[in-house]
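To keep things simple, chains are lettered A, B, C and D as they appear, and every chain counts its residues starting from 1.
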């Protein structure tokens, strides 16, 4: 019907690294994601509104033809977007995925995947991210998936 | 499960205008879209893999608060993506929308909307487009919606 | 990353008509949607968590092959979902579409379309709807589109 | 713009189990999905146009709050939809995911997840599935995610 009112669109993100408080917060939360460790994913970049996650190829991540399974591709993309959103939140907030949509553009074959989450719009309640996943082999970096994600800011549960 | 195999990803589109044959084909098809005329939409740019559609504000296009209705925003975006795909097809092909997803980023208020469809991947069977919609008022051009669309190439029906 | 916490899932909606207060509120808001009148749409059913919108065929609603344009199909579906959400809100609330995704299942040909919005989950902040669109000709009622929509509850602006 | 022409919509799926040839084909392909074994997923039902996948809770599948990670939820849902599509294909065909969209409806907490893929439309080229994921604890079975998926039929690669 309409379009939301509580934020501003962000097309371009600053390229510098995030500050130490934000980095620590993202890495601490990422460290609690059992799935990311189980898949062998690690964060390779934390900038304001943008996070990169690297996922090395392993037979444990494949679908029936040996490509990265869409579920592995999506898991890395979903976490990249979620942490991209988190970089712009106050320290007392946590983030949950509301929904996402992803197109698989090409067979995901390579030495590793690089998933990039980028905040397009950061609102008081909702954040919208673009998700891009690349398959990398030596000097070759090829887009294999692209998506769009909606996230909600919630109060961090007491720990 | 996997990711398709029949095409190549395209991140960047050439910026030149399309040739006369492609332009004629797009405009002829657009002219047959009763809905576009009914909404008052017109094509303002046809480049290889990218089409812009302009939709002037009218009370006939609004939702309950006077913003452009998401349906009007989406209709312009859907046609922009469809014709962006068509610019890369042979002359005997037509295009149908398989699906799309759109996020409404901000209230769509302005003198007109500008919907931009951009081909991300052009395959033998399927094309994936990014959809961006901006609300324009004087010098102000603000993103109000962003989406992702899958299209299928079909043989043009005999006319 | 996670999944939201502020609501409950609803698979089945009650089948009775909504009460007079809710009906009046939905019809008043629908009457302000310039686009719905411009397309010739009307509401044919208002039940708690479910709204039906009927869209008679007109050349003004078509794409290049004479089918209903995906934009017309989507506009009816988007409004059906939005008003389905509104039926479950308090009287002081309004609804905005956050995003939706729609698959076009078959050519939308018929005497009219029937768009059905059904609330799947009604939360404090966010509502998720299923969208179903049927093309109807005499006794034949055929699914032509299906979608999923996220909506946000906002305070109704002063009128 | 339009809606595809090469299939028929299926709202209701037959409830019987699939025949032995189809079951063998699905299980053989599932057995080659390294990710499914790595996550601990197994197929619990194969019917024509419908497949169920069970995913027991493990700390290796969680996000930062201990819920099932959206990536794990999605991986099970994506495979359930893919194999639901495969049950309706000839033996020489394989299936790839074109795209999917998923809404996380509630925190995914439970002893296991049950992901159900159901074919809504089976066309010559494209299949559309509904994806439903439930969190199960003892007698409690709660919807935690719902999605929509587009798949493409391809010739099975030689093995």
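Observations, loosely collected:
Just so we're on the same page, contacts are C-beta pairs under 8 Å (C-beta built on N, C-alpha and C of every residue); 3 or more make two chains touch, one makes a residue touch a chain.
Labels paired with UniProt names: A, B, C, D = Putative phenylacetic acid degradation protein.
Model, not experiment: these values are computed from the prediction.
Taking the mean of C-alpha positions as each chain's centre, the chain lying farthest from the centre of chain C is A. Comparing the chain pairs A-D and B-D, the larger number of C-beta pairs in contact belongs to A-D.
Separating the centre of chain A from that of chain D, both taken as means of CA atoms, is a distance of 23 Å. Averaged C-alpha coordinates put the centre of chain B at 31 Å from the centre of chain D.
Touching two or more other chains at once are residues 1-5, 33, 63-65, 69-70, 78-79, 96-99, 101, 103-104, 128, 148, 150 of chain D. Those residues of chain B that touch chain A in the complex are listed here as 1-5, 7-9, 11, 63-65, 67, 69-70, 73, 101, 103-108, 120-121, 128, 130, 142-148, 150. Residue ranges of chain D in contact with chain B, taken from their complex: 1-5, 33, 78-79, 82, 95-99, 101, 125-126, 128, 148, 150-152, 154.
Chain contact summary for the complex, chain A toward chain D: residues 29-30, 32-39, 58-65, 69-72, 74-76, 78-79, 94, 96-104, 157.
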